[in-house]
Every structure is written in structure tokens, then in C-alpha cells.
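Shared between the two complexes below is subunit A, which has subunit B as its partner in the first and subunit C in the second.
Showing the complex of A and B:
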């Protein structure tokens, strides 16, 4: 892939001066402010930007579709001679699912739970009579095979909940490809997947669009991913184009300061420091949810004032480890030691002081805060409960905490719904900090955030660690985050610890097999990374 | 010879085919068994619930003030006569004994003997409770069945079309009309219908008195007005639930996906939303059907329809305890059975339960 754009090809899609308004807070706001986009046959374009940049809205507008609550207010969308901005619903429906196909972010949510995969795969082809139903079904099996799905003959007869997320995403690609469209919109198709799965899905998608010479718009916030897929990249911000260039040029010589800042985020790296004084340790812990055993003989120790990162894919037992430490899930066997003394396994047996010493920050700041409470109440609660602060003293301390997280007293009366994603996570950090803990367990705290916001949160956490000598257990699946924040790393796979040690040891060879797979699957900002990786793996 | 070879090759092919499908048949059976086991489990739970309810029925009826002997013999009766009569009816035994005797005979299919028809002079013209209750129950089920046949398809149709054309004038009119009929007391709806359809334009009879000899056509004609009244009363609830269940699903990512695959609005509603909405719809239909059996006494009185509701009210007035108990038990069983049916529909329409990983 990543050919230089070939100007000789026929133009397939040309969007001019696209303006889209969205309705919220009882008024219309501009979301897309006059963006142009040109795509030739067989080209793959990357569309990147942070959340709220309007990339998904623009991607759907390329189909002439606007979500409920949005409207197209200006511009033209010429698709192969048809202006989709002016076309009727009936005309657009004829193109959708046949000449233009869409691959959604969450395959699990985007497949109808009531129908079998094969029926959904051939639905569009059959509806428009592209070929007889039986042929479409046979063709779908071939597509499943080409996308390297297991049991291509029979996987179609399963229901969506019966296959994994990575497989579903490939079935969705087959579904998009079934009518042999001219254009596919990929809307963050791998964001919800683990890195190891992502590699397979990316490779499968890239092969199939290459094979059928399909044009595609690939929407993502992950630069390294887009580098593997796209011939050229357009950067969006606040609904406007920042810059556009061929992939290689964009990666090596971005021109605009904003693009440069996007590129530099991944450079954050903390020098590791070896820790001596162990503040908390779990030894030979087995844990289970009912009959399902999830942790097998896990031992982890946290040195005071250091960050231990736990990495692994979903289902590897990272979050369960955190639940064992906090007492939410008492282990079947094994011990938990805190400052050299055994800690009661169950939450209800722990003293207030022990509870105060371990605090948590969650992935979804949205759901971790009561939407009806103000910032003052949210942060004030642990102050009152653990430290007995009330009235004026409590308010002063809340303001002090707000300053620590780089916010101020004006936030006291705000509700969570009035905060941005990054601010919400900062409030959660302040709440954890309010208890003056020794340990903060951070469960994927940055994965729901944009890269620039992520950087801010990570820097804040590092500064707080330095100031208050806090210990972090940092659960993540993102290797870039691990590099940025950790001193030690624990690699987990299927409920077992595969490897643990200092960052420098884990991240340098020789690697155990799984660590090798995990590390090599992290996309790099090199357009040839995927090609080289696949070549290396097949060798 | 050639024929033989042909059959041989055919049988080989057949055998292969059978062989090829065998695992899926087996799997299918295992799934069916799992579903069957769930249904049996629910059925068992339903029976247990019925048992608990029988206790509640019995104790609450025991709490009714006065009893049958006092009601029949009047104020003037002597202590001895009352005691003798009570003994004859078995009311002198302790409550637990009476309860277990009752449950025991119900389990054997015997609902007991009605109190009415007896008097203190030893005459006994009393009838079996089942003889009293069964014809009435059939009448009630007939009316409920006719109403359901009109109301359920109508409610589904209105709900689906209202979802399809939501926020249009059609949607608003359907919503307003059904809300009006549900907010009006049923006896009032009944009298309005009588006024227009029996009095001003005598299309249907205002009395719905039927008996065992009435033939089907005549029955249908006579229950038209009560069935129409009940339809107007229950359609709104089911229609609004159908509409809400569908609209709730329209925000799902898979509906947007269907739209982006070129599905038309009606395809989206019928093919993509409805199969996922059966569970809540079935629940509310079951609830309303149960109401048709247990809650229609007012309509029965207005149209003088010989249903089970009237029978129970009469039995309560005369303290005919065996009849009251039998009716209450039938009502409870109706609720449990219909809710069970809704649960089963919820299970068989949910692929996650029908086809586990």
C-alpha cells in the first residue's frame, strides 16, 4: 500500500465545501465547517483527528448520510456523477450497501443480534439483486476464507454473540465487500480490538481492498494504524482541514504545528527507577468469578513511589488483579501483604485506614461519578469520610486539590456533564488523591481519551507521584502508555503472569513468546511496519 | 444391476449427507433440550408460585368478616343451630386443616362443593363448584379470546406504524386516540358504545346474555359490544409498548448499520427492530390478556354477560367460600401461565439464550 496518489485515475468521490450542523443544547452548532475531499478509484485515504473533530460525521457524509440530530447545510458530494447532497433517500438507498459500504467501529453493536451472520452478510447484495442469493452466499464463504476467518464454511450460520470481536470485524468487512462496492468507509474499525487482534484484522482488510481495487476512507485517531492503510492522509480539527499530504510525507515532514503535536505525543518516556521498599504485594493468588477461574498463581509486588504497569489483552486478568488488591474480589488462595502486614482479603473486613490507603481511578470517568453530584461533593466525600473535614475546611481542601490537578475553584459547582473527558478524569484523580492514599490503582485511565489529552493526564500523574511519593498500579493495553509512565512491567496472558521486571528488561530482547507477540503487534509510525511484520511472521 | 449401483451410490451420498449434518442436528437437539429444561424449570416455579398464592387466597378469605352459616341463618339463629350448620359445612375445623383439605382435593381435580343451595333444615341442593365455575370460565375465555383476536393484531399494527411514522400527524392521532380510550372508565366506554351501536343505530345487541345452547355465530354477534369495549381499553397499553420498544431500538448502532446498508424504513422496523423487540411486547400482551380474564367484571355487569367475574362477586357477597377460592385460584393460574408464556417467547426470540456460545 501507501502508493503515491496517482492523478491519472478517475475521480470517484469529490466533496466540496461540506458544512454540517449538529443539534445540541437546543441550538444548531457547526460540526463540519467547509471541508473538501477528493478520492480517486482504488485510493485509500486516511482521515484522522481527535474525538469531536468531525471525522466520523464527514465519513458518513461521504455516503450522503447524516446522523439524526445533524444536517447538511452546504456543499456538494459528487459520487460518480451523482450529487448525494441533493439525492433523494430512495436514490441514496440504492447506492448504500451496494456501491458504497460502511464498516462500523463496534462490530459487536453493529450486527443485528437476531440474525445469522451470513444472512446479514448477503443482505444488501440480495436486496438489490446483484446476483442470485445462493451465489452471494457462496461468494460470502469465499470472502470469509480470504479474510482468514476460522471455519469459513460454517461461521456464517452463527449468531453475532457466538464469535469474537476480531472475527466480527472481519465478517463486517466481508459484509461490506459482498456487493463489490466502489467505496468503503472504515469508521475506526480496529479501535475496540486488542493490539494482537488488530494486526490480523488490519492485514485482512488491507489485502481485500487491494485485491478488489476498492477505494476507501479510513477513519481513525491512531496515526500508526492509518500509516499502514492509507495512500494519503487528511488531518481534521474542530471540523476543519488542518493539512493533507501523501502518507510518507505526512509522517516525516508534517507542516502544521497541530499535526506536529499529534506526532510528538508518543515520545513521552519516563526514566525508570528501581524500587526497594515493597508497599503492597500479592503472593500466589488464584481468583475466580463463580466457577470461572481467571487468575492462576499470580504474584505481583508494588515498590513504594513507583509505577508498575500491568499489560495484556482483554480477558488476561489485569482488572481482576486490581479487584483482588482492592478487596472487591477476595482470592481463593494466596495472600495480600500491605506494609509488611497481611491485609484482609475481603473489602468488608478491612479497616477504614486500610481502605484509605488504596484508591482507584477507572477507565470510564463518566460512569465512575454520580451525574447528579457537583465536583465539590464528589471530591469532598472522601475528605469527610476518611479525614473528617467539613464546612469551610473541606471546601478549602477541595480547591487545593483542584489546583493540584491544574483546575481551579470555579469548578466547585459544576456537574460531571459540564466537563470535558479530560477534566472528568482529572476530577477522578483528585477524588482518589483526596484520601491521601499510598497506592492508586489506575484501570485503563487513559484509553478512552484522545492522545493529546492522554499526554496531559499522564504528565499530571507523574508529577503527583513525584510530589506525594504515590505508588501506581497502572493497568493498560497500550504499550506507548507503558513506556511513558512505568518503572516496572508485568505482562499477563490468560490469567497468568508471563513476565515481570524493570521496564528496560521487559522491553529489550530476548522476549518470551507472548511478550514478543504483544510488543511486535503495536503499530509503529512507519508505513512499511505491517508489511515487514507480516513478512517476518510468515518467515 | 445398474439400478442397484444407482441406489448404492445414492445411499452413499445420503449417508454422507446425514453424516455431514449430524453434528449440527446433535447441537440443535442439545440447544432444544436446554430451552426445554428452562421452560420446565419456569413451569415448576410457576407451580410453586401458585402454591404460595393458594395460601394467600385461603388466609385472606378466612379474614373476611362473617361466614356462610351466619349469612344463611340470619340474626335469630341459636348458637346450637349455627354450630351444627358450621359442622356440616366443615367450618368447625381449624384453618390449617381446612387449608390442606382444600389443597389436597384441588390437587386431585376436585374444587369442592358450593355452599349455596344448602340451608339449615338439612336440604341439600348444592352443586359442584366445577359445575358452577366451568361454564362461566368458558364464557370468559370466549370473550377474552375474541377480544384478543381483535386487539393484539390491531395494537401491533398501530404500534409498528406509529413507530414507522413517528412524530407525524398519524403518530400523534393514534397516540391521542388510544390514550383517550384508556383514560375513560370502561363502563363509560361501554355505555357510549351501547348508546351509538345499540340504541341510536341498533347494529349490535346491548345485552350479551348467552348460554350453552347459543351457537357460535350468535355468540360472536352478542359479544361484539363487550369485545369492542375491552379492545378499546387494552389496545393503548400494548400499542404504546410496541411503539416504545421499537423506537428504543432505532437508536442502536445495528439499526444505523442497516440503514447504511440501504434498508428501507419498513425493512428496518420489521426485519431489524421487531425481532429484537418481542420480549417486552410479549410481556405487555400477556399482562393485558390476563386482565381480560381477571378484570372484566364491570364490563360483564354492564352487558349482563355470564362470565366468571360476576360469579366471583356473587360468591363473595354470599360468602360461598369454595367458589371464591376456586375463582381466585383460576385467576392466579391465568396470570402465572400468561407470564410464563411471555417468558418463553422472550427466550425463544433471543438468540443469546437459544444459541449459547
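Showing the complex of A and C:
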């Protein structure tokens, strides 16, 4: 799908001067400030921007739908001759699910767990009388086949919890496709998936949209993904269009400074340095949750002042390794050495000093901070607890730490709910930093953040490492992040270490089979990447 | 959102944040949004509290003062008449507010201290402690609490202390269940894990990390539990094992004057006399429930969209 837009096609959707207001803090704020959008039959458009840019709101507005708490205040939405902005709910309901379909980010939350997949897939086709039930079911099986789902004849009789996340996302695409809509809106459909699964889902979605000549709006914050899917890309920021251009042109010659900054994010790369002085190591560790064994003979060592990145898909034991190091999950066998001395396996046996030296930063900054505590308490508590600072001294140190993470004293009184995602993660970093640790374990700390915010956090972490000679154990599934921050890489798969070594060694051939799969699955900023990859894999 | 910098800075991500309101300002805003039913509840409860505090000033006679005329009719001298041994009913109603409410409040606090504390400990610990406590609570809850309380009171004697202790312990089982259930959800949050990793003790995690986040359901439960304790005390007093004479209390007042109801055909006011303490109990219960309902609606987030 990398054709240049074909102007000869009939215009399917035309949105002019769309304005949408949202209600928060007891007043209306503009969310979308006059955006135009034109989509022809068979075209795929990519809609990208940071969270809060209004891309999902605009995507839903293309269906004539606004979320509760939002209202359309201006503009027209012409869908094939019908003005959705003026259409009644009844008229819109007739279009939704039949001529316009929507694929949501979380397939798991969008399926009814009490019904079989095939019943849900054919529901709209059958109930709206598009075709008889038996035909719809036969057609659904064909769609499952086209989406390369395993056992297309029988997979429909399963329940949503009996298939994997990637399969569920494809079934959802089949459900959207079943009534043969003219337009499909994909709202971050692969964001929740592992890279290795994402490739399959992307390929399946692209093929099927191409096959039925369906127009699509693809909403995402991942540039590399959108490059594979879209014919042209529209960039949104603060509810306004920044730039719009065909995919190739957008990737090679972005015009606006904001778009350029988006593109440059992935260029961040740290020169690797080999470390000699091992600060923490785990040796031949086996660990289990009850009867379920998750780590098999894992040995990892962290050189002082360096970053070791642990990569692997979900369920590979990355986070469990971190739990073993922190003492939350005492290992069955194996030893943990810290500064040359054995570290007690269980948290409760470790001394305050040992606890202070190993700090942790979590993936979800939202849940890592007590929502009822102010920033001052959150950062101040470790100062009080480990270093005995109180009163004025504590407050001064908290402000100092806030400055280190590029915030300031005005944040002291804020609650976590009054911070943005990136600021929350910074506060978590400051909390870890407050303890003056040797090691910080970072568990997917950037994966819930937008690209630009991610870059900011990564730069901050690198700077802090230089200043305080901190060692990071950086758990991630994102290879771009690994390139940006790591000195050494550990590749994990099914609870075992596949490879460990310097970044340059791991990221250059020859690769073990799993590393190869993992590395090749990471989308690149090249519109032909997916096509080439699929060709290479099938060969 | 007025400033939109071209380049990225962390501090500018969330611009103008609402100014932090003081506790007083927030309370004022909260009161302003209260519905009429909540206002009614608050006014009634305030009146009860005032009566309880100023009982000595308001009451025309002494709490246990006996007048020569038993079962005197309503008059200027004895506003609601006198009871079976000649004590002024109005006086005893006023003192009853102090005694019954005081004991109910003390009992509710105690049951929250026991049930809440153990519930939090069980939710954090989740090991044998949780099992042991939960099973013990199951056993206690399996026995009808009024009968159990009657039995215990007849064993230990009906002193005010044993009354408070026994009802508090029996009621704390419900508090334990609720606290444990809501605290378990909070105890698995990352910030609790972060506190454990920091090396914080059980007490800090209970008080500072979990408790503030489960306050709304607990406060609501406190209001309801207070009503139930109140009713239990009144019921026990009615049965004769609750608050003992000469201490005035509403439950035993209903019992002492219950026989007056049959005189309704001769004197309406005489029949109303035993209903007065019952009405006092009912009114307070309704008022507290109105407040709790409003509070629950405020905190559950199930507000109607405007």
C-alpha cells in the first residue's frame, strides 16, 4: 500500500473545518480546532500525533461520533453524500458497523467474553440483513483464512479468552470486515501487541484492506508502523494539522519542525562502553511463581555505571529477573552478588543500606505513585527514610532533585493526577534518585509514553548516569530504546538467556534464531520494510 | 493550553494547573453541592449532637430524678409526662441522646479500629495471618449477632464497658471483610510494592500508602455501621440487657412505657409517649443514611452527567 494517492478515485469521506470541544475542569476546551480531512475510496490514511493531540477524537468524528463529554461545534462530515454532522442518531446507527467499521486498541476489552468469536463476527452482517446467517458464517471463515488465523474453520467456535491477543485483534478486523464496509477506522490496533505479533497483524490487516479496496484511517503514535500501512500521513498536534503528505515524501522530506523532531527521535544512540567492575550479578538463578517455573538458569551481570538492556517479548521472564534482583521473588536456586558480597535472596533479610542501593522505576508511573500523596511526599519520603532529612533540608533537596529532572519547585504541591505522563515518570526517576542508588532497575519505563516524551526521558536517564555513575538494568521490548541507551544487551526467551554481550556484538550477525526474529520484527521507517520482510520470510 | 512551545520541555507539558484549594475552601465547595436530603441529614445530626452536648442545660430535671406522679399525663410541668416510676420523659429523652449516641459512637470507632486494622494487615500479609483471621471472622459471622451478643452480655454482665466491647467485636467482622476486600485491590499497586522495596514497615504501608486510598468506602461504611450499632444497642436495651437503669437510654424507654400504647383509646398523648424515643432513633438513622448516601454518590464517581 505504498502507492501515491490516486486523485481519480471517488471521494468517500470529506471532513471540513472540524471543531470538537471537550468538557473538563467545569468548562469546555477545544480539542480539535478546525481540521480538514479527505479520503478517497481504497486509500489508507495514517493519523499520527502524541497522546492528547486529538487523533482518536478525530478518528471517531469521521464516523460522526463524539465521546460522552465531547461535542462537535463546527464543520461538516460528508460520508458518501451523507452529512454525518447533521445526521440523526438513527441514520448514523444504520451506517455504523455496516458501512463504517471501527477496530479498537484493546481487542480483549472489546469482545463480549460470553459469546463465541464467530457469533460476534457475523452479528452485524446478519442482524442488519446484509446477507443470510449461513452465508455470513461461510464468509467469516474465508475472512479468518485471509487474515491467516490458524484453523479458520474452527477458530470461530472458540471464546475470546481462548485465543491470543494478536489473534483476537485479527478476529476483530474480520468482524469489522464482515459487512464489507466502505471505511474502517483502526485506532492503535497493534499498540498493545509484542513486536513479533505486531508484524503478523499488520500484514494481515494490510492485505485484507487491499483485497476489498476498503478505505481506512489508521491511528497510531508509532511512525514506523504507519509508514507500512498508509498511502498518506496527516500529523496532528494540539488539535491542529501540522502537516499532510504522501507517506514517502513525509518520511524523506518532512517540512515542519515538529514533524522533523518526531522523525529524529529514533536517531538517539549511545556509544557503548565496556564495563569491568561488576556491581551486581545473578548466577544460575531458577525462579518460580508457585508451581510455574519462569526462570531457568539465568545469569546476568551488571557492570558499574553501564546500562544493561534486557529484551524479549512478554512472558519471557524479563520482569521476573528484576523481581529476583530486588528480592521480591527469592530464587529457588542460584546466588545474587552485590559489590562482591552475597545479597540475601529475600527482601526482608536485606539491610536498609542494601535496599537503598537498588532502586526501581516502573512501567506505569500512574500506579507507581500513591495518588493521595503530593510530589513533595513522594520524593521526600526516601530522603527522610534513608538519609534522615526532615523539614527545610528535605524540601530543599526535593527541589534540587526536581531541578535535576528538569522540573521545578512549583511541582511540590501537585498530586500525580495533575501531572502529564512524562512528568509522572520523571517524578518516579527523582524518587529513585533520592535514595542515591548504585543501581536503578527500569522496567519498561518508556513504553507507555509518546515518542518525543520517550526521547526526553532517555536523554535524562543518560545524563543522570554520567553525573552519578548509576548502573541501569533496562527492561524493554523496544529495540530503538535499546539502541539509544544500552551498553550491553541480554536477550531472553521463555525464561532463558539467549544471548548476552556488548550492544555491537548482539546487534550484528550472526544471530541466534530468536534474536533474528526479534530484530527483524521491529518496524523500520521505510515504507517497503514490511513488504520486503514478508518476502524474505516466505522465501 | 494557551502556550504551545515549539520545542519540547518537560515542565511545560501540563500548563496551568488549578490552584490548590485549602481544606476549608474544598469543604465549602462540597457543602454547596449538597442535595436537600443531605442538608436535612446534616441539620438533624447537628441538632442531635447539640442536644447531647448541652443535655445538662436543656433538660428541665435531673436524669434520674423521680417525681411523685408516675405515668403523669402531658402537661406544662412534665412536657411529655412521666414514666412508670415518675421520671420526666423529656429529660430522659435528652439525656438518652447523650448516652445512646455516645456509646454507639465509641462502639463504632472501636469496631473500625479492630476490624480495619486487622483487615489491612490481612490484605498486606496475605499469608497464614489472612487465612486465620478470615476463617475466624467467618465463624463469628455464622452466629446470629443479636443472639450471640445476648449470650455474651449475660455471661459478662451488662456494664457499659462490656456492652461496648462485645458489640464492637461482633461488628468488627463486617468492617474486617470490607476493609480487606478494598485494601487487597490497593495492596497490589506498584506504589505499595515500591514502599515495600524501600523497606517500609507494615504500619507505614497501612497508614500512609493504603488507608488514604480506601477512605471513601470506609467512611460510608462508618455511617451505616453507626446506625446498626445504634439499633443493636436500642434492641438490647429493649430486651433488658443493654444500658441499665437509671442511665437514660432510648431503647429501654420504649420498653418501660410500651404498655402505655393500650391507653390510646383514652388518651392519644399517652400512646405517643413510648413512640417518642423510637421516633428519635428512627429520625437519626434516616438522617445519617441521607448523609452517607450523598457521600457515596460523591465518591463513587457515578454522578449524573450534566
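Note that in this section the second predicted complex is superposed on the first by the 539 of 539 C-alpha atoms of A that agree within 3 Å, B and C clash if a C-alpha of one lies under 4 Å from a C-alpha of the other, contacts with A are read in each partner's own complex, and residues count from 1 in each chain.
The criterion applied here is as follows: contacts are C-beta pairs under 8 Å (C-beta built on N, C-alpha and C of every residue); 3 or more make two chains touch, one makes a residue touch a chain.
The structure presented is a predicted model; accordingly, all values stated were derived computationally and were not measured.
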Exercise for review: Using the superposition on chain A described above, determine whether A:65 touches subunit B (first), subunit C (second), both, or neither.
Suggested key: first
Review point. Can A:112 be said to touch subunit B (first), subunit C (second), both, or neither?
Key: first
Exercise for review: Scan A:127 for contacts with subunit B and subunit C and give back first, second, both or neither.
Suggested key: first
Review point. Which of the two partners, first being subunit B and second being subunit C, lies in contact with A:312: first, second, both, or neither?
Key: neither
Review point. After lining up the shared chain so the two structures overlap, which partner does A:97 touch, if you call subunit B first and subunit C second: first, second, both or neither?
Key: first
Check your understanding: Which one hits more subunit A residues, subunit B or subunit C?
Key -> C
Practice item. Look at A:258 in the shared chain and tell me whether it touches subunit B only, subunit C only, both, or neither; answer first, second, both or neither. Key: second
Review point. For A:161, is the partner it touches subunit B (first), subunit C (second), both, or none of the two (neither)?
Key: first
Review point. Considering each complex separately, which residues of subunit A are in contact with subunit B in the first and with subunit C in the second?
Key: none
Practice item. Please name which positions on subunit C make contact with subunit A in the complex. Key: 1, 4, 6-11, 13-14, 17-18, 20, 189-191, 193-194, 196-200, 208-209, 212-213, 305
Exercise for review: Mind listing the subunit A positions that touch subunit C in their complex?
Suggested key: 25, 29, 68-69, 238, 257-258, 261, 326-328, 347, 350, 352, 355-356, 359-360, 362, 364, 367-373, 381-382, 385-386, 405-408, 411, 413-414, 418-420, 422-423, 426, 431, 435, 452-453, 455-456
**Study point:** Residue ranges of subunit A in contact with subunit B within the complex
**Key:** 60, 63, 65, 67, 93-98, 101-102, 104, 106, 109-115, 123-124, 127-128, 158-159, 161-162, 175
Practice item. Please name which positions on subunit B make contact with subunit A in the complex. Key: 252-254, 256-264, 267, 272, 275-276, 349, 351-352, 355, 357
